[in-house]
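This is the structure, below, for whatever I ask next.
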């Protein structure tokens, strides 16, 4: 944000602006940028998901639109979905029904402001950055509940109830898994977390100590559940609940859910990258030419891992999901915090 | 919680808040639902995730096949048998021609019998592959679906080469089969395919799905059909064998030339949970694929020479007066035809006892007390085909 | 407690094994075909759309009687030597590709082609009229046919010719490299 | 156990309800009076020597117009005329209804066939769905398609047809409906192709040309 403000000041026409004006303009530019990135990542990742699923399943996936491997398929789908009729069921709670996709989208959009793309390049350099991300993304669950309730559809209600239970539960291991890292860094600022990992792959938190390694995988599993993707796609479970909470949604409103899902997917992958996988630092020290690019590439690799898991594993049942959360992941993440803390003390990292 | 307790009253029947009466939620699962394998409708009464009552509603795919049987002749009706279990039409053809031949008391040429066995077993493999695939899909595993369809495609190609049809073959006629083996190395292709299936592909399925911990958790101890229930409800095929009953029409009530072949009857043993759970029914199908491969190999290696038709194809089939119930082991279970002939070219009555119809009935009993997700697993593990249920 | 850790180990291990299978497939060549450009080679016995060769058909009505779904319509006028065929139509809406009609054809006129790609915009278009209205009616009686130039293949010859003809025809057709795809011939709207 | 021996045991238990034993056909069968079917089935299931624990098949039959002589001259079913109207007949149906039970014993590995015949005016047979639960659906189907009432059946609804359907289609005197809930159900074929081929067909090409 500071960099952006500085940049804007240098531009002709912006020089005479007040600080407040600059801030608002900068925020607007940043918000537009973030939304564009989000929409773009939804488009890129739907295409990528189809191709990954396709090749995993011995087929090609989209091949027609746009000649080369159907690269324009997702664009075409987006255009199609925008052109679709917007149906609101007659018995639906109209206000909530309309508002729900916006809440979901807002929840995932808000969390993006604290993502550290490159040194100094972050929309809002908050002292409680990581905390803010988790807090903002938990808004999604309200949107899902609203959508399920407002649809006046029993399947949607089931999906919403499952989704709420799942997402509220999985926020705990998700946050707990990052605590060892926070202990190492001593800060919740996202920039600080990345800076603490400077100096090659061995300084990334995932490889600092065995407990952090376990914590990373705990974070990874919890993040899949948090984004409602297979094998933890309880709110949707297309073979049980038809389409879950968005059964009744069409057109633009469905697109919002869709957008939010992929934006969330990329977001949790980026969090994994900057918390555990060294953020913008390249694996070999000294090769940090394009920090933002390194960051995004790592994020895409995490997304690929996510997709790979999704297209391999069967779905767990809703009570097993809760079992996994409360009886496996929370104890293990707590163990990681304790273990990592003990290692820190014994190695003299903290006095 | 046992079924009895659930029926008596759960959370829903109690008066939690004074003045507010809570009820069970009525839920229509189907006829348009991803997990009902067609147009089955299950009327559920649920309390949260727990199912209190399951009522299957059938008939969305009813095509009056038994009425049509009274209007067309025996050869023409072979075409309709294809449409019962459209995932294993060769088995359906086989069941029907066996029934007609039982009444006609005609001797079928040995070569034709071998070809019938080979094609019916290929069809059975194809059907079991679909069963694995869709069961995996019900459990949320997408990728095995495509892998199984890939192998099924090979089978369809093989059957297309011998019969000309891709999905609906109309291959068998009373008194033999319609065509001999094509002279383009068909036998070698079949052997090559089953070798590949046995050695490589089944291992892939096992790695990907069968022994996956999540899959086991989802299916073991779920939807347990005990032996007594299975017999009382007339369950047959993999459902009955999954409950630990070693019964297979091919062996125990032998028809065609199945008694000449050496194969085993896999039964559910409760390896991952209880005998008769969904996982047992699933693994019985996987092992039956291996046994079918064995039968095909034996049948092809001992393929005799000679004609493939006992009756001239051009002549209409006339069946002497009488009535007979003939049962065969189709991919889904015991497929029986009860034919009453009046001595003419058309059956007076042709009742079809379809395995899926009888197997599905058990849902009414076993589905109670399950979670909604487990009901999906149960229906998936029964491997029903609506074309056969509604006829 | 031991069971608890065994379960976790089994879950992690089986998930890794499964992921090994899927990643293996990423590098393999997909098995699907890009349909209009690549086509599967149809086997010799493939039962596509029914085709009737009007030069051979003598309107004996056997195919119409054998059809389980009554999709063949044959109409004729007159009797004996003067019998003229006025309509031969197949309703592909009803046809179930069972090949029963081809089995008993004594002239060998009705055959199963290898064409399977036949989408239309109006389902009434699938009632295919085999007789060309400009050529008028076709005599059914054999002697009349030979007189008027319509030819019926004799039965003995048909049996002799049946096999080589059947083998020669698909060979030319099934080769995807030989000429344009068959669907493009008729499917132009 | 031999089929005849099973029948002897059964006849000994049932007394006058066991009407006849038909030997010498492909499938021998025992004819039982409708009143005796329930005790017969309970006996067949519970007797340890017989142990028929599975009902393989239960078929409802309309014997109306059956050609006993075996010449294949049974009464044809009513269909649609060429104009698409349902065929009708003045004949009053008179044949009996029948129910056939095919039993199998997993323990003893033997089969048995029971037949029941009831007059058309009665058209009711006691249910066996309490003996074998699987009979419940078979009986519902027989009620649905043939119209045989199974007295004592807990849930005798239509199985395959719509609840509002009229008549029982597998009866030999069933008249096809002209329409159902406003949908015409005539058996009329499609009219002449409105888009006939204008190009003469290339001879020898097996591709049927599409419409112009």
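By written order: A, B, C and D. Residues from 1 in each chain.
By definition in this document, a contact is a pair of C-beta atoms (placed from the backbone, for glycine too) under 8 Å apart; a residue touches a chain by one contact, two chains touch by 3 or more.
This structure is a prediction, so every number in the text was calculated from the model and none was measured.
Asks: Would you pick out the chains that touch chain A and also touch chain C?
Replies: Chains in contact with chain A as well as chain C: B.
Asks: With centres defined as the mean of C-alpha atoms, identify the chain lying farthest from chain D.
Replies: Relative to chain D, the chain whose C-alpha centre sits farthest away is A.
Asks: B-D versus B-C: which has more C-beta pairs touching?
Replies: B-D
Asks: By C-alpha centroids, what is the most central chain here?
Replies: Answer by centroid distance: B.
Asks: With chain centres defined as C-alpha means, what is the inter-centre distance between chain A and chain D in Å?
Replies: That pair's centroid distance is 61 Å.
Asks: State, to the nearest whole Å, the distance from the C-alpha centre of chain B to the C-alpha centre of chain C.
Replies: Averaging C-alpha atoms per chain gives centres 29 Å apart.
Asks: For chain C and chain D, what's the span in angstrom between their mean Cα positions?
Replies: 35
Asks: So what's the Cα centroid distance for chain B and chain D, whole Å?
Replies: Taking the mean C-alpha position of each chain, the two centres sit 22 Å apart.
Asks: Going by the contact rule already set, what residues in chain C reach two or more other chains?
Replies: Expected reply: 15, 18, 21-22, 31.
Asks: Which chain B residues sit where two or more other chains touch them?
Replies: Chain B, residues with two or more chain partners: 143, 150, 208-209, 212, 214.
Asks: Of all residues in chain D, which are in touch with two or more distinct other chains?
Replies: Chain D, residues with two or more chain partners: not present.
Asks: Where on chain C is chain B touching in the complex?
Replies: 7, 10-11, 13-15, 17-18, 20-22, 31, 40, 43-47, 66, 68, 96-100, 103-104, 112
Asks: Can you name the residues of chain D that touch chain B in the complex?
Replies: Contact set of chain D toward chain B: 25-27, 29, 53-57, 59-62, 66-67, 69-74, 76-77, 79, 100, 102, 106, 109, 111, 113, 132-134, 136-137, 141, 145, 158-162, 169-170.
Asks: Which residues of chain B touch chain D in their complex?
Replies: Going through chain B, the ones touching chain D are 58-59, 62, 64, 66-67, 70-71, 102-103, 105, 231-234, 245, 247, 252-253, 318, 320-325, 327, 334, 336, 338, 340, 342-346, 348-349, 351, 353, 357-358, 361, 365, 390-391.
Asks: List the residues on chain C that touch chain A in their complex, please.
Replies: Going by the criterion above, the answer is residues 8, 15, 18-19, 21-23, 25-26, 28, 30-32, 34.
Asks: Can you list the residues on chain B that touch chain C in the complex?
Replies: 72, 75-77, 79-80, 143, 150, 153, 157, 160-166, 168, 170, 179, 182, 184, 204, 207-209, 211-214, 313-314
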